[in-house]
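Heads up, there are several structures right after this.
The two complexes that follow have subunit A in common; it is paired with subunit B in the first and with subunit C in the second.
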Partner chain A sequence: MSDVTASNAAAGLSQSPALASGFQFPSIHNFPPFYTLQPTASTWKNQAELWSTIIMRYYKHHRLYQLDLDDTAVNDQLFNNQRINRRLKPETIQAIVDVMVKKGDAEWDATSKKRRAIVYWRKPEDWAEMILAWVFELGLNNSILTFYEIAHGEDSEGQEFHNIHPTVLQKTMEVLVRRGIAATFQGATFEEMGVKFFNAGAK
Partner chain B sequence: MDRWDPIQLTPSHRPVPGPQEIIQATQDQVGLYDGRIKAEDYPNGTVYLTNHRILYIDSKDPVRKSIGLPLRFIHGIHHYGGFMSSSPKITLELYPRPSNVDLHALSNQDAISGVSGLDKTLGALSLKSQPSWVCKICYHSNEGSLIKCAVCGVKKPARDENTHVVKAPVSDSFLLNAPKDLSSHPHNKAGGGDDAAPGIACPACTFHNDPFMIQCEICQTELQDPQSIAFMLDRQEQHQRSIRQLPSTIDVGSSSSSSIPSAMNGSASNLPASDVSTGKGLGAGKFLTSVTSLYSGSVTKSSEDANSVKLSFRGGGSGAFHTLLKAAMSAKAWESIPKQQPEDRTMALALNSNAAPTPVIKVGGISGIMRSVETNQKATDETLSQAFQDLEALIDKAAEMVTLAENISKGLAKSNTMNNEETATFKAYLLSMGIAAPVTKDTAGVVFHKELARELFEFILPVVEREGGTMSLMDVYCVFNRARGVELISPKDLHTACQLFPELNLPLRLRKFDSGLLVLQTLSRYSNDEVSESILSRIKNLPPGSSLDAIELASAVQISVVLAQEQLLMTEARGLICRDESVNGLRFYDNLLDKWEI
Partner chain C sequence: MNRRRMQIGGRAYNERLKATNESYQRVGQSLYDSQLQQLQSQLDTFRANLEVFAREHRKDIQKDPVFRMHFQKMCANIGVDPLASSKGYWGELLGVGDFYYELGIQIIDVCLSTRALNGGLMELSEIKRRVERMRGIQNSNSKTTTTGGSRNNAPQDSNSSSSSSKWAAITLSNNNKDTSMEITEDDVLRAIKTLAPLGSGFQVLQLGDKKMVSSVPRELNRDQSLILALVQNTSGHINANMVSERLGWESGRIETALDTLLEDGLMWIDQQAEPYEYWVPGFFEPEDDEIYATTTVAASSS
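Then we have the complex of A and B:
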């Protein structure tokens, strides 16, 4: 960590103050070329890597799941650094997300034509473990839960997956179903979908 | 081949022209023949025809195998059009060179090598006074050095072929004639056949001159130095005496000295080699003559070979070359080489252009200096006004104007009367007028682009170096064409020529940036590493967090902005720097993105 600080100082990049939310951008966030899509392949690779790391951290910190390429996202302090007066262009964000999608860190919403993406700052498999652990802890196995109960129910309050994005939740359930630990039941709406965890899933 | 001399080359392997020398034609893929035999060392090269010389520059080893033959050595040209697989050839017949023949005679006859001392004296003597001769067919009076009549081409008659049995090969005749001429006098005297007057018979008109005459009283032909003749005669008599003392293998018995030649001729052929060598220094002229006759077949051949050179045009182009060669031969530019000192050129120019040379009035003191200054000014004025009368005249005067420009800049270098800035500007104008005899399609033919590339290289290298090792092709085009004056070239020719640099091994490269910008770079600059490293260190030396753009780089290293931009982009492409596009334009930073870890 001290190395990084030293190199930051050498590069002349100042440290951004921590946000009100407690999140602190790394100082590369104040590096003007960071906001230009680098035409050199190797540089771009590193740049996209850095951006995806920052995006994931930022999303994780703020429990965000969905990235919309609209004015709000583009004007977000994540992509718009008013200190150095630089912002990422929507095309650049799109290119970064493309890189993230390739790595499995994000996924384009199929219907959005690359205008909306889900950021997996935690992988569906990890979510699955987490939810499963919570279900068994509460002894909710062998009973049917709705998706709403998992994402927004009183029991899940305080859990990391509270307010989880529906798409992420669905992906997670798909993982569990594939592993034969759970079965889903169709509901009228997405939130009315039900899921039953089997005992076999217990460790 | 021994009449060809090594020549000076420029760094790009073009010939260095002498004063007033202009390249008139160029042809590549030409091989040389020494006589009828291929000259092993000169199989393939570029041949230049100038108004003074023919130059051969080997394509493989131009430094060591580049030779030149002055046109004045040539007396005949034959053109052979080529047939089937035989390439077209031009045969150049050369005037024999005395020392050359001498060498030949000696190398062919080791047995009589002992006579070389005297032989050389004789050779020198014959060289000193080659009498002019009159053609017996057309009665044209030819120069002594000619072996064929200049008008009708009939061979020079061996002068005393009637009285002597031996008939020397014609091409060697002047050497061999000399001793014969000498020997004929005592014989004639002794035999009492001819005039016994103590005078010297003129070799041209046969008038008997007073022994103290240097030139013939009648025809002004140079007479042979009586003293050296006397010396020769003396030596010869000694030899004859020594022959008489020799064992009887040689039938010297005849008391009358007039019979000696024929007796010797008769016996010499019977002489064993050892006996010839014991006759060291004896009647060298005679011996040479007689022994030569034994070898006459081979000697004739070798002397023919020595006196002709063939150029084999494997790549074609012999016809045009032949025409130009003939033109150059008839122009005889070498006869009108002005002999003035280079520093006196302006003056000389004036004299030349005035046609009537003004007598140099030697007046001392201030008035003398004033007058010479005045004359100089007048001459310069005249040259200038003539040159600018019309374009045609300007073309004719181009060479003179360049000389003038050079002189003025030399003068400027000496005097510091003008202020420096003015001088610099003026010098720049003069310097950019540099190319006196530009390569043109007419003079260079098929090798035009190669020649152009060489010329361009010589001209542009210092300019490119001054510009920091890189110059855009547009700038090159402007500067080069300005220097060429009226012989403008097209951009396409320039481009083609530039592409030939690697092939010609010249340390300049045409380089195309990704944007399509074409530049000329010196080879050292051509390396991307060097440029990008220097840019990177320049950026790193800036205060932390600063950046560089093309304009700043351009002004820092004195290159054009376009080029600076290209160099930055190239450095970026190598991943050393990264860009920042903003309202402030495109700027470049040290590539923190590449090594950043979070």
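Then we have the complex of A and C:
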């Protein structure tokens, strides 16, 4: 019994479920100056690019969507390197996300005062293609699906968009509506929103 | 009368002398000719032999770095430089000028794709390491006949063999590394030299006991050079105190030198250290090259 607790404790301590589940940080993640916003513009530009690449890959690997400056669980993995005792300051993370937003790789939650952002490691256009393919494969076109069914339904289990973030799903649906492939219907809640795919969307 | 005879005799003597001279000359000329002919035929034989040798060993010249170096030395001793250009007799015969041309392109590629990280200054051995891996990867993609397995063959410096085999273990586990893609630092230097006429601006700098390749036209001032040389013995990073200790400069001079190194993108600063640490980038693991490459591409296209 005490053995079990000990090993549980050890598991809890072993600082990286991320590593355990296979995300390999590039070696620059262990480079101490990587955690200081570089004062030279060209160096900073490259540093921000590298950080955004790492963030996108990390988020994709773990199917994460929201970057939250107050979410220590994720940030301790990504932005806090205990091995070299360096961490990104919140201002630096914000500066990096700003760069990502400019490139369309992220979007600040307008109400969050730059505390939360959605990370688009896949573009809404690409999600749209993926969901569309799935709908037609299952012959669900011409019937109405709820957002819940797409994001959390049994049929979408195993799909990459299973458990997709509501904001990302919303954006994806907007893409489909704009392209005239789908129409959405108001529901009482976000998850009860409905969507109907038209045959015209079939390829 | 007497005198006249003498004159006649003298003339006859002169004529004889002239004739003798001429015949000597003829003999001399024919000797000379035959020597020349001999030389010519020796040269022809030599050239033919060198041709045969080069043809027979063309593959070795291209694939085996040690062999290539010896061949290069031998040719340099007799005043030909067959590897320097793909144009001309030797280049066409051997197709080896292309070797340096291709290597040059790969060096440019390595230097440019890492420039944003290291400010365009890279250790020669690091370039060699990365180019070698690039060649290995290219080879695995467009693989034709050769399958590796002869890995123990060539590398004289253990450094390169260990890093490349490590890389092989990490990413190319299903692909045997091919020694044909191996190169030496000598090859890299030679290829950089062949880039010079293109106005590439590539320079080889001696900093401390290391050769560094600069892909950005620049002049390092003396203080910058001294610090970069110093950093080689301090694990790639340094602070003002260390500079003061080892070089005995006053603080204003140290600050100026370190600041200009930051501005030139040659160093990164770590402000979470006390005192601030200045780092030379460029010692990152090979498995990350792909991330740097994609990042640079993204950066330049945006």
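The criterion applied here is as follows: the second predicted complex is superposed on the first by the 181 of 203 C-alpha atoms of A that agree within 3 Å, B and C clash if a C-alpha of one lies under 4 Å from a C-alpha of the other, contacts with A are read in each partner's own complex, and residues count from 1 in each chain.
In the analysis below, a contact is a pair of C-beta atoms (placed from the backbone, for glycine too) under 8 Å apart; a residue touches a chain by one contact, two chains touch by 3 or more.
Please read all numbers here as calculations on a predicted model, not as lab measurements.
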item	value
First (subunit B), second (subunit C), both or neither touched by A:28	both
Which of subunit B and subunit C A:86 touches, first, second, both or neither	both
Touching partner for A:103 - first (subunit B), second (subunit C), both, neither	second
First, second, both or neither for A:36, with subunit B first and subunit C second	both
Touching partner for A:187 - first (subunit B), second (subunit C), both, neither	neither
Which of subunit B and subunit C A:53 touches, first, second, both or neither	both
Those residues of subunit A which subunit B touches in one complex and subunit C touches in the other	26, 28, 31-36, 38-40, 42-43, 46-47, 50, 53-54, 85-86
Subunit A residues within the subunit B interface of the complex	4, 7, 9-13, 26, 28, 31-36, 38-40, 42-43, 46-47, 50, 53-54, 85-86
Subunit C residues touching subunit A - in the complex, by the definition given at the top	116-117, 119, 237, 262-263, 265, 268-273, 277, 279, 281, 284-285, 287-288, 291-292, 294-296, 298-299, 302
Of all residues in subunit B, those that touch subunit A in their complex	543-547, 572-575, 578-582, 587-598
Residues of subunit A that touch subunit C when the two form their complex	24, 26-28, 31-36, 38-40, 42-43, 45-47, 49-50, 53-54, 57, 85-87, 103
